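Take a look at these structures.
Two complexes, one shared chain (chain A), two partners (chain B, chain C).
Let's turn to the complex of A and B:
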């Protein structure tokens, strides 16, 4: 239905820079998730797109039209708030009908549109109730209903699932993905939960300290994180970072020495690395397996059934985490060896920039 | 919630409440007892709590003694109601502005408003008198209504602002996203949600207006027909003696309609005072 473009958006609160130089092009019918730690500016960016806050500089274009100075309703945008922001004194019907009442639509049209929204969201038998009589998930659906009756071009979601319990959150993730497909809508979704980002997004914007760290598909972010920040933010459990020293560069990639003396050659572009440089080798827990290699003392085992998460420490005190097969016969307190395939390694330079991987898996999406 | 207090704590709490209520209610009780006694029994020494000749005589004779009594009671209610309505018309938008809008000198101007409350009405009586005379408002209802409104606006703004601030900002933002104007949002979202707060503020304004009439009435009004009850009660003070029993009967009769209204509003008051205490 619409494309959304942000051109060098900045936002200052006094001397404090919240956003600096955000450029972003979101495609028609795309589900884009803004993710980042709290205080990274993701909510502020969403509020700027919504028109609730003015950018200090920069432009917002919807379908190629500059809407930077337009009121939210004229931008063709609707928003679902974290707290749902339902009106407790109005019935579910009137809550969903609110934007239509504001627009003074004829009663028959209001009824038809609310009925359709209620049908999509399975709220038809709840229309006479008040928000206080609904469960968290139902309230969430009412908030979505209020946002879809207006047929906006772009939907914005501000951490809509963070008030729900874990089971319901999983359910709503699936529902939201289905809804996005059914409505054929462009959606921008803000969350601090990387699982929500990975599961729902077509593309993810990772924000950190008011800057875009990376913009790409979930698997792109997983296999080709551009920075150390993205690498540790995406993926569960978090990626392990093992300090190492560059021993040399060659046609096969980068040769590094770990602190325990292990030497490995990793198939990455060594771009500008010199022997003696300090780097960090990133290995995802799921890429670690038992075998000859790093010696780790197991401290805690989390048996999840399908996998066993092993937390431990190297001899130099570095904490590591490995996702091992569920039935692995290891015990807490035991010393084990961990190894990984060199092609699975990510290497970050001292500035946190990644060295491009040569043998990463082809991207699923 | 149950058994939060031990038996002794509970006895202590009830004893405390008892003492408190006695202090507050004893004057009313004494008023009532006095209104039932014949005049010559009131100052009997030693004090006699119970009298054998209680009668409601004063409640019928007071209307003859002060023929305009009904009119005074009506005036009191009329003035207090007018003050409440006029004050609320000013307080609601002002409180909303102080709660939500950003404008220059916001905190300073609110502080200035509140500092008005530091002056007792009596301090300003003479300038107010001159003002009223110049505007030609002496000896009209306006002379008693306008100062009442003026003195109550700051407190009202202060109280109501708190209620408005407790309404989540996101509700207004949601309405704004849907194209609603500030006034539409105020009317359809904010005011219904602030209902209990409005009742609390209106009640406070009304009670204060009812209580503060005396000063403005004796100063700005000499028209006997316009006097409120507190001034009317003075007529029970004669040259030779004071008709205490009738005066008490008249005072009780005067506050009864107001008392009934507030008994009815009580549940809103309790809801209003605790509104926002529990996160929904």
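Let's turn to the complex of A and C:
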């Protein structure tokens, strides 16, 4: 198994900059997920690691070895494609055996390796079939099988679950996490789905417009988003952003005035903030509760059972979302008050940078 | 389905409605049926009838199987059949091989790709007669560029008229037929190759498969259904190909390029032996029918084998 290091990777398509200055160090046996909106460059970055695409500049090191100019096969990586890329004319056995056939391994070895992979992925009774005869989840497993038999240093996954239905996706997430543990492998996984990122990753790389916004563990990203972008991208439903004006700074933190006149002191480092500065206060829906505070008119309620998601609007037209206890007795069209604990607030300056929180929860390992 | 309260009236109404539906359907397809009867069925039946007569301009009498017996006497007709299949085999093979090479080259991501794709079309889109006239000149011994180049580089001692000798005329006709037929085969192969998912090639590339390996184990199997259907269809077309040989050699010299279709034309139309010509045509129909059956059977198998549903 192996470490993977990216040093100042850039990629231009003509005048269009897809990636700029990507620096990243992935540890041995780490499951790292690249997540970001479509067009953020995450797939391009993965293809550069695979060697399917050449970086405009920068270096790629696998296990300390510079592979920037190596052919894909010489990098010790394997890749699972979004479309699975199974060969429709070959049996499942031959699909899994493909890389071994390319390498001209002896028949006995091919059989043993395919049998082992099929055993891990519960495909043993499917080996004689063709890909067209398998379900989406099984095809996905065949694609994974094909990458397992190569015994790569680094596994690469390009949105492998996006062609599956929601239930199967949930199932495959668990299987992939278990597989990563069983194989003890370094894995890099690309997705646009923040739930996949949160549930599977040891660490997440949030990409936006070709740059790394933040690289950290799921809970780090959740509790300490470095930027406004990460704060709104991670977490479901999305974090609320409430505009406010700085009223003053002090030892207890930053005092802000909301548009409705409410004043609050938030325990964050007010680094460089001056009275009169415009800031945004970020509060996660799950940190909002009913009480004396912001006056909101409820527009839509989504009752999920354990939770009730309440969507509403403040007097100035700002839309808010609150995750309330399931049995909350509120009604659509009703005016309610919403409040939150100052320690739960995130504050972003006009550039979208976060002011460090002082009383954030301790991070889970 | 409708449920009706009145159990007796409903079925009657449906039956009457069904009848009128059926009549209406017949009215709709009648023009097509008449058309097919007029231009396919009737001529076919008439040809079969004629093949049992000695029809000529002088009139016709029933002669039973005499035309067929005469055909297979002396071995001349067998020779023509063999020549037809040799002609078909080499011309089709040439078209397929050149088509595969051409399509692979046209897949290459080079500047001006679209232009190259257009440039291969002329042999196919210009009238066959024009193309063949061009080849007549190329094959000409005194003025032809092929003979000229062959002389210049010392391949031949003097002028060589390709169409003047039985063997060289036969091969010249194959080359011309392949020249006309290759562009279409190439375009079909190109379209099929473009339909192969890029991911398959990238997956194989990541696994270390060379260009040739990818061509052999991905491209060929993936486009196999198209290769097979092009092979069988172009076999039928080549079997039936008339104008190219007729313009180049009219089946000569001394029958060296006479295929079954040329032979049939000569007997039936040039020599006005309608009965004997019809017997030849019937044999062609039987062969092509067998070919079509083979085509459907092979295509079904290939589609199943290569995972096309």
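Here is the rule we go by: the second predicted complex is superposed on the first by the 365 of 365 C-alpha atoms of A that agree within 3 Å, B and C clash if a C-alpha of one lies under 4 Å from a C-alpha of the other, contacts with A are read in each partner's own complex, and residues count from 1 in each chain.
Definition applied: a residue touches a chain if its C-beta (ideal position, glycine included) is under 8 Å from a C-beta of that chain, and two chains touch if they have at least 3 such contacts.
Remember, it's a predicted structure, so these values are computed and weren't measured experimentally.
Trainee: Answer with clash or fit: chain B and chain C placed together on chain A by superposition.
Mentor: Superposition result for chain B and chain C: clash.
Trainee: Should A:102 be classified as contacting the first partner (chain B), the second (chain C), both, or neither?
Mentor: In the superposition, A:102 contacts both chain B and chain C.
Trainee: Which partner chains sit in contact with A:130 here, chain B, chain C, both or neither? Use first/second/both/neither.
Mentor: second
Trainee: Thinking of the overlay built on chain A, is A:249 touched by chain B (first), by chain C (second), by both, or by neither?
Mentor: A:249: touches no partner chain.
Trainee: Can A:78 be said to touch chain B (first), chain C (second), both, or neither?
Mentor: Both partners, chain B and chain C.
Trainee: So which positions on chain A get touched by both chain B and chain C?
Mentor: 50-52, 71-73, 77-79, 81-83, 85, 87-89, 98-99, 102-103, 132, 146, 150
Trainee: Applying the document's contact rule, which stretches of chain A touch chain C when the two form their complex?
Mentor: Of all residues in chain A, those touching chain C are 50-52, 71-73, 77-79, 81-83, 85, 87-90, 98-99, 102-103, 130-132, 146, 150.
Trainee: For chain C, which residues are in contact with chain A within the complex?
Mentor: 197, 199-200, 202-209, 213, 217-218, 221-222, 224, 305-309
Trainee: Using the touch definition up top, name the residues of chain A that touch chain B in the complex.
Mentor: The contact residues of chain A facing chain B are 50-52, 71-73, 77-79, 81-83, 85, 87-89, 98-99, 101-103, 132, 146, 150.
Trainee: Okay, in this complex, where on chain B does chain A touch?
Mentor: 168, 170-171, 173-180, 184, 188-189, 192-193, 280
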